[in-house]
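Shared chain: chain A. Partners: chain B in the first complex, chain C in the second.
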Partner chain A sequence: MTPAFPFDLLIVGAGPAGLSAAVEAASRGLCVAVVDEFPEPGGRMLGQFHEEKGHWWVGRQVAEQLLDKCSALGVKIRCGVSVHSILRSGAEWVLKTSEGSMQARNVLLATGSAEIPHPLPGWTLPGVMSIGAAQVMANVHYVKPGRRGLIIGVNVLAMAISRELSVSGVSIAGIVLPGIGPITGKEASPKESLKELMGLAHLAPSPLMRIGGKAANALGMAGFVSRFIPRSGIKIWDIPLRLRTVAVSINGRSQVQSVTLADVNGEGAVIPGSQREELVDFVAIAGGLYPLAELASVAGCPFVYAEELGGHVPVHDEQMRTPVEGLYVAGNITGIESALVAMAQGRLAAATISGDTGLLGQHHDQEVQEAMQDVRRVRASALIQFRPGIQEARDQFYRKCGRFQREKNGIKEEG
Partner chain B sequence: MNTSNLIVCRCEEVTLEQLEEAYQSGCCSARQIKMKTRATMGACQGRVCRQMLDAWVHLKNPQLPRDAEQLAYRPPIRPVTFGQLAKGEV
Partner chain C sequence: MDRIENHPILGPRKSKREPVDFTFNGEKWAGLKGEPIAAALLAVGIRTLRRHEESGSPRGLYCSIGHCMECRLNVQGKGTVRACLTPLEAGMCISEGERLPNEITGRRLP
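Showing the complex of A and B:
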């Protein structure tokens, strides 16, 4: 069904950023619609839960609260609808979807992120999946991905989802490194992985990990600590985190039957004779996330590469405005962070769009400023920090984008 | 680790060896390798392998800036049906 009139705001993605933006924008009087290609709204919140200061944060409940508000405010939510193109026609956007065209004056892209695999021999066997797929199977569809699994890749996502799987009754043989391969490079070495783990050391219930993380963080001695990690690994929530072990290959005839593991030294080189087989029936590969920004590119938005944010990110300012008129971004498309940050960014984007539409009146600047401060506050207190130093990386990104904008407007840089 | 027959692009079944051959034959950028091998051009349109291709090309020349050339995205960015094509909805 294509409405005869254009929406004030069309949001692509019904996850934490998209739904928060929808609530905020609709409560300010905008006519809002949300589309999402998954059959159910909520995005990745549907499968997320973690322990936070003694209680469980349950993503599905947060999504349901936002959806209740959306329906009270008359937000149109259409699920199972894929957007395959976006183009500008006069003062409006036209989005081509699997269910016909939709028109809107403003578009907010809240498309989130996608996963990066780590290829290793056997990674195309049935039973190998991305860590996010394992999460969706267990927590969204309530199907165990297997009886006993191995996680390849050490990062925040791997840690959080291993914990969820183990709580759901799935046995996890351990979390191991992907090993230095032709594609992974040195970030797969014990030293680099440990550096990344510093950012979430406070999540660990094990005092060894907590203290080790804090000390190394303060002293910047990731190399020093990695020499002292025992071969057998460290247990975190009863899951062995093996920072001195790599996956060499995934084996099996018609499906996963085992993984060949090997020990490595601090630099990531395999120790001869240390190879052995671990029997598992599924493997989850955690290669990290990258911003899913295809539509921003099709709409003509330029990109800037920022490693800390997860890769190529559409150019935008701190108010979530892209250089393309009427096009805004929020959530993981702007860089990989947790759901709470995405929600704050969604509210900020809605405030900016309301301001640009002339709905905020004389207090416009102040409201946008407050929403901006809120994003910074939520980020600073976020339990799950995907990368250490994310705020610094953001500040650097905004400066780069500001320069980009001024150059585009023909203003010469001084100095 | 024998990685020569390792598949990188699952849709088009492009192996690491084929990427290496393309590189040796003079394809230096991700875009040139894509044109030569069809990596990232399958049904998933590179959602699975373009990051790996980018990372692999970057490791070949770590000094080159990463802002410069990104593989293009072209609509339709999701698979469409013949029915939609016939109705002119694409």
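Showing the complex of A and C:
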């Protein structure tokens, strides 16, 4: 079914960024449609919940509030529709989807992020999944990923989701390191993992972030510390965090039956004779997130590599505008951050698009500036940060992108 | 695998889903209408969704959100679909993704 007229704004991705942008743009008078390939709208927010000042923040509830607003404003949301391609034709974008093509004057890519795998022997066995898959199965579809699982990879997502699984009654044998290999690199060593956790510790009061602090307290000072990490690990919410243990291989005939573990020294080298088997029926690999940005590339948008943001990021300015006319980005496609930041970015993108379309009149600049400040405010108070120093990394990124923006759009470089 | 009937934090599922029958590789199973095929199969303990086209080794879901294509299998009338994104319907005939004849892939595996 192809609508006869082009939309003012077509949003790819019904996650926190896309839905927030839809509400904001529609309330300013734009005709907005959202497409998403997942069977229900809400994006990765659907499976998220975390403890915040004594109560639980539940992503699904936030998504439902946004969806109510969308339907009141007449935003058209199509789920179960994948966007394969995006082409500029005259003054319009044509998007090829699994259900025909759609046209729009402006496109906002809010496609979120994807997970980085940590391949290791046996990782193709049924029962091995990404940590996010375990989260989606348990929290979105209400099916346990298994009875007893092992988490491979130490990062914020691994900690958060282990806790979620464990409160749902899934037994977690532990969180271990992936081991240093050609793909994982040095971040898989006990020292680097500990550094990363401690770098996040200042983000208290989130209980999630106090893990870093707790790890540090339990272990003493950073730097020379990894030597002293107890081999048995330290318990975080009753889940053993084993920073001196690596997964060597995943074993099983037709599905996961066990994982071979080994102890390592501070630099990550396996201690001979320390290998043993842990019986589990599923394994979740937590390799971190990267921006899901293929469509931006297909649309002709240049990229800049920014490690702190999670990898290759489509060039865009702080107002969420790419150098490609009529193409905007918001949410995790611009760098890995939490859902609340994605929502603020969505509102900002909508303000920018409304301004560029001439809908904001003379207050254009002021409204966009306010939305920009809001993103910074939300970021500064975010309870979950995937990497330390995110605002500095953003500022650096915008400076790098300034050159593209000036050349293409005649926009003045920020800062 | 067990279903979570009443999630300790999220509560019970808001919209009740109707139980439906389907077949997988010719065998009859029950699942919930509208849940992804991969979730329905996991709930009855089936993890193997396909055989690798060349090696024939078993594969299951990996990302659960449509990114990795590891969960591809066949649904009668729809062809090859991603099991993690495709909602279960009453009476669906589902079969695992198959190993292909070697002449097609043209390569030899040990």
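One rule holds in what follows: the second predicted complex is superposed on the first by the 380 of 415 C-alpha atoms of A that agree within 3 Å, B and C clash if a C-alpha of one lies under 4 Å from a C-alpha of the other, contacts with A are read in each partner's own complex, and residues count from 1 in each chain.
Rule of thumb we're sticking to: contacts are C-beta pairs under 8 Å (C-beta built on N, C-alpha and C of every residue); 3 or more make two chains touch, one makes a residue touch a chain.
Owing to the predicted nature of the structure, the values given are computational and were not obtained by experimental measurement.
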Practice item. For A:P240, decide between first (touching chain B), second (touching chain C), both and neither. Key: neither
Review point. With the two structures laid over each other on chain A, which partner does A:P39 touch: chain B (first), chain C (second), both, or neither?
Key: second
Exercise for review: Kindly classify A:V83 by the partners it touches after superposition: chain B alone (first), chain C alone (second), both, or neither?
Suggested key: first
Point to revise | Partner chain(s) touched by A:V58 [first = chain B, second = chain C, both, neither] | key: second
Exercise for review: Answer with first, second, both or neither: which of chain B and chain C does A:V248 touch in the superposed model?
Suggested key: first
Check your understanding: So, does A:K144 touch the first partner chain B, the second partner chain C, both, or neither?
Key -> second
Check your understanding: Now for A:H312: first (chain B), second (chain C), both, or neither, which partner does it touch?
Key -> first
Check your understanding: Touching A:G100, do we find chain B (first), chain C (second), both, or neither?
Key -> first
Exercise for review: Once the structures are superposed on A, label A:G300 by its partner contacts, choosing first (chain B), second (chain C), both or neither.
Suggested key: neither
Review point. Can you list the residues of chain A that touch chain B in one structure and chain C in the other?
Key: 37, 82, 114, 117, 124, 292
Study note, to complete from the structure: So, in the complex, the side of chain A touching chain C is made of residues 37-39, 44, 49, 56, 58, 60, 80, 82, 114-115, 117, 124-130, 132-134, 136-139, 141-147, 164, 167-169, 254-255, 292
Point to revise | Partner chain A, residues of chain B touching it in the complex | key: 1-3, 6-8, 10, 16, 47-49, 51-52, 54-56, 59, 65-67, 70, 72-78, 80, 84, 89-90
Study note, to complete from the structure: So, in the complex, the side of chain C touching chain A is made of residues 1-5, 7-10, 13, 34-36, 39, 42-43, 47-49, 52, 57-68, 84-87
**Study point:** Touch list for chain A against partner chain B, complex
**Key:** 37, 82-87, 96, 98, 100-101, 114, 116-117, 119-121, 123-124, 179, 181-185, 248-249, 287, 290, 292, 294-295, 297-298, 303-305, 311-312
